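What follows is one structure encoded as structure tokens, with my remarks underneath.
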């Protein structure tokens, strides 16, 4: 009996391990090497932490290396998108939690962007909406009488935050709506009998009750947001310059632009570490906040 | 021959907890044995070890002459009925019952014959095309039994099959299951926590507590001659009354002194109880052996005492009285014509012929003979 | 002071108030929903425009199917389409084949230590958290060495590795709903472990399997980062095709819209179909875990 169970697990586990875990270990190894694909003249050799230093070292203070700007941008974008997704997502979930006719249709409409591929989303926004001449933004701005500013060039981070949020919010809505709909009928009824006003009903009762759903939504959502790459590539391409780089984007550039495997590895490891730290902080914060409601 | 033998059977969990403590039991071919006890007594664990669903930590289980330790459940030639019926939701009743036979590559004709025969016995022929979710609790339970019957196994294992039925249905099903077992003439091991079920259904009852067998015997044996306090208190409803008392000398004989009242021990028990004179004992008296009106029962030996009625529970066919005599409280089962009134003192009569005494330390019964 | 109106009048006014409230709410909800999805809706709309109409944003125009014909007639897209279909079909099926038994074993398996099941399950979950960025370098260099760059099968293997955990995650919650006694009864009836899975457990979690399959299909269909970096012209998928629009097609908005419609419609439809099961799988699994 027991042997059979292991047999069921092994093919799946092996495949996953080989494809996801082993390469990560290799990335760790690579991060300690000096290896530049574009410089075959420089032999691959052990480099220790020098790759990490390349990014982390603050040489001419107060000039901070680009790396820290990138980290800051990543944190900013992720944090803003996460906040937007959670807060507006919650409001949308509340909105959809009514038994109005056709609520399923409304729900599928709001869910839509989650299933549209990132690159298509990015291209659609860039060409049909954000375009200052031919996009809706440009047309509406002119109609309202002010000159449309090329948002992609002047406010790349804001654009990315909005795009990220638009694309991933449906996921948050989905989770929180499921939570709201799992609140027992009796509680809703008893609130009505007690004459609870909307504010209290929502924030003092419903919100704490769907804590678990919110937690899962935020944790998973954070991962999705950090991983997101396609949207950046097709809209701002990290620019102008590197002002809308995120860490994953920077890694991509290190590998395929600079061909520096060693440095890319170090950057990738740093990304993972920071992501783990971020998840942890998020988890602790949620725990603390929910403790208030206990 | 398909009896079942348990030899020094032990079940130990990885954390060290020993659920079944080296029990020995011999179940005869065609016998209907009931394992009964409170929750946690390991009766289900024992049953599951016989089934092959739990691993045996130590000891042996034999089905017939075959040692089945390590033999897979499907090769033990047993059939089991679960508490929650465990019917396959995605198959109709016919397929549910035919499933095991299909796996063993029976011919279609043989399968049909067996399924219809079982359905006939259980009265579920019109349900053969339905799915489990379209059936009532009682119907589902019959299908579960049907699924076991078609296997024509050596042993039937029933794990609290009636617990999920409503009270009335339970009573009907009890009789049906007993009738079925006699009809099929197959060994049956039946687990329940309900001692009424155990008493009405089994050829023999096995009373368990905390992984130990407290007593094995026919229903009458465990009722009339309990081996220990636990069995005495577990069998019988309402439960036997227990009094902390002292066996004393009185009026040229022995008497039980509870501190609040004293009742005389029948002469024929003096020899058996003699060694406990002047010692502390636990005195047991069943409620049905306490009367509030001196009966004409010449076979009893009735001792009189006064008690106040504290609670009256009329049950139609009888009345349960909770009485208080000094520091002692006890229950009596009396005639519906009883004239006892609440908070009034009444004269009650203990049938001392049915008395039981237990050793205070070992909780074993002090034999009357 | 009692209300001078009759009972009927009061009831009627309550009903109208409710009806009004309902209507306002419905309108509001649908406005928000349509606005939210409008970028995609507008794009679908533009697919029916001529290139001329599509340039400036407008809601009213004469619809035509010419653009669609042009896009569907475009040979280059077919290559990408074929690759995407290949990845989705093969990748989903293999992910399911590997993930279903694994989820089954994790839910019902009896291992030496009771905590083994949970530990392995959590291990699967942590692999979902892994950003492809962390593994792209070794995968890229490794594929270059074994000549699997720009190879359909190479990419497919990667996709399987990344998506089996999702299948395991979703199906674990569905399998948990199957009572253990049913499998025990099957065991006594004579099922081997494998038969317990194929004859009993799997049919009972049919909806879960379909939902997991649809979700994985959508994810693979939409996957960009790995496809972009590990393929060239031979094995590139539709998301890569879309990304190239920013460089090549420039301002042919109608064509872009038609192409986008074709590209995103299957995923959106699949997603809508699997909504309910998706929620169940995501919430039960996530909330429990």
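In order of appearance the chains are A, B and C, and numbering begins at 1 in each one.
Note that in this section a residue touches a chain if its C-beta (ideal position, glycine included) is under 8 Å from a C-beta of that chain, and two chains touch if they have at least 3 such contacts.
This is a predicted model, so every value here is computed, not measured.
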- For this assembly, give the contact graph shape among line, ring, star, complete and other. line
- By mean Cα position, the chain sitting nearest the middle: C
- Taking each chain's centre as the mean of its CA atoms, chain B sits from chain C at a distance in Å of 56
- Item | Centre-of-Cα separation between chain B and chain A, whole angstrom | 62
- With chain centres defined as C-alpha means, what is the inter-centre distance between chain A and chain C in Å? 17
- Message: If a residue has to touch 2 or more other chains to count, which residues of chain C qualify?
- Response: none
- For chain B, which residues are shared contacts with two or more other chains? 72
- For chain A, jot down the residues that touch at least 2 other chains. 1
- Item | Complex contact set, residues of chain B against chain C | 14, 51-53, 72-74, 78-80, 82-84, 86-90, 99-100, 103-104, 147, 151
- Message: Could you list, by residue number, the parts of chain C that touch chain A in their complex?
- Response: 22, 25-26, 28-30, 32-34, 36-37, 39-40, 42-43, 46, 55-57, 98-99, 101-102, 104-106, 108-112, 120, 124, 127-142, 157-158, 160-162, 164-165, 168, 192-194, 197, 218, 221-222, 224-225, 228-229, 238-240, 242-243, 245-246, 251, 253, 256-257, 260, 263-264, 267-268, 270-272, 275, 278-279, 282-283, 286-287
- Query: chain C touches which residues of chain A in the complex?
  - Reply: 1-2, 4-6, 8-9, 11-13, 15-16, 18-24, 26-27, 30, 92, 95-96, 98, 100-103, 105-129, 134-136, 139, 166, 174-175, 177-179, 182, 212-213, 216, 220, 223, 226-227, 229-230, 233-234, 247-248, 251-252, 255-256, 261, 264-265, 268-269, 271-272, 275, 279
- chain B touches which residues of chain C in the complex? 113-114, 179, 181-182, 184-191, 195, 200, 203-204
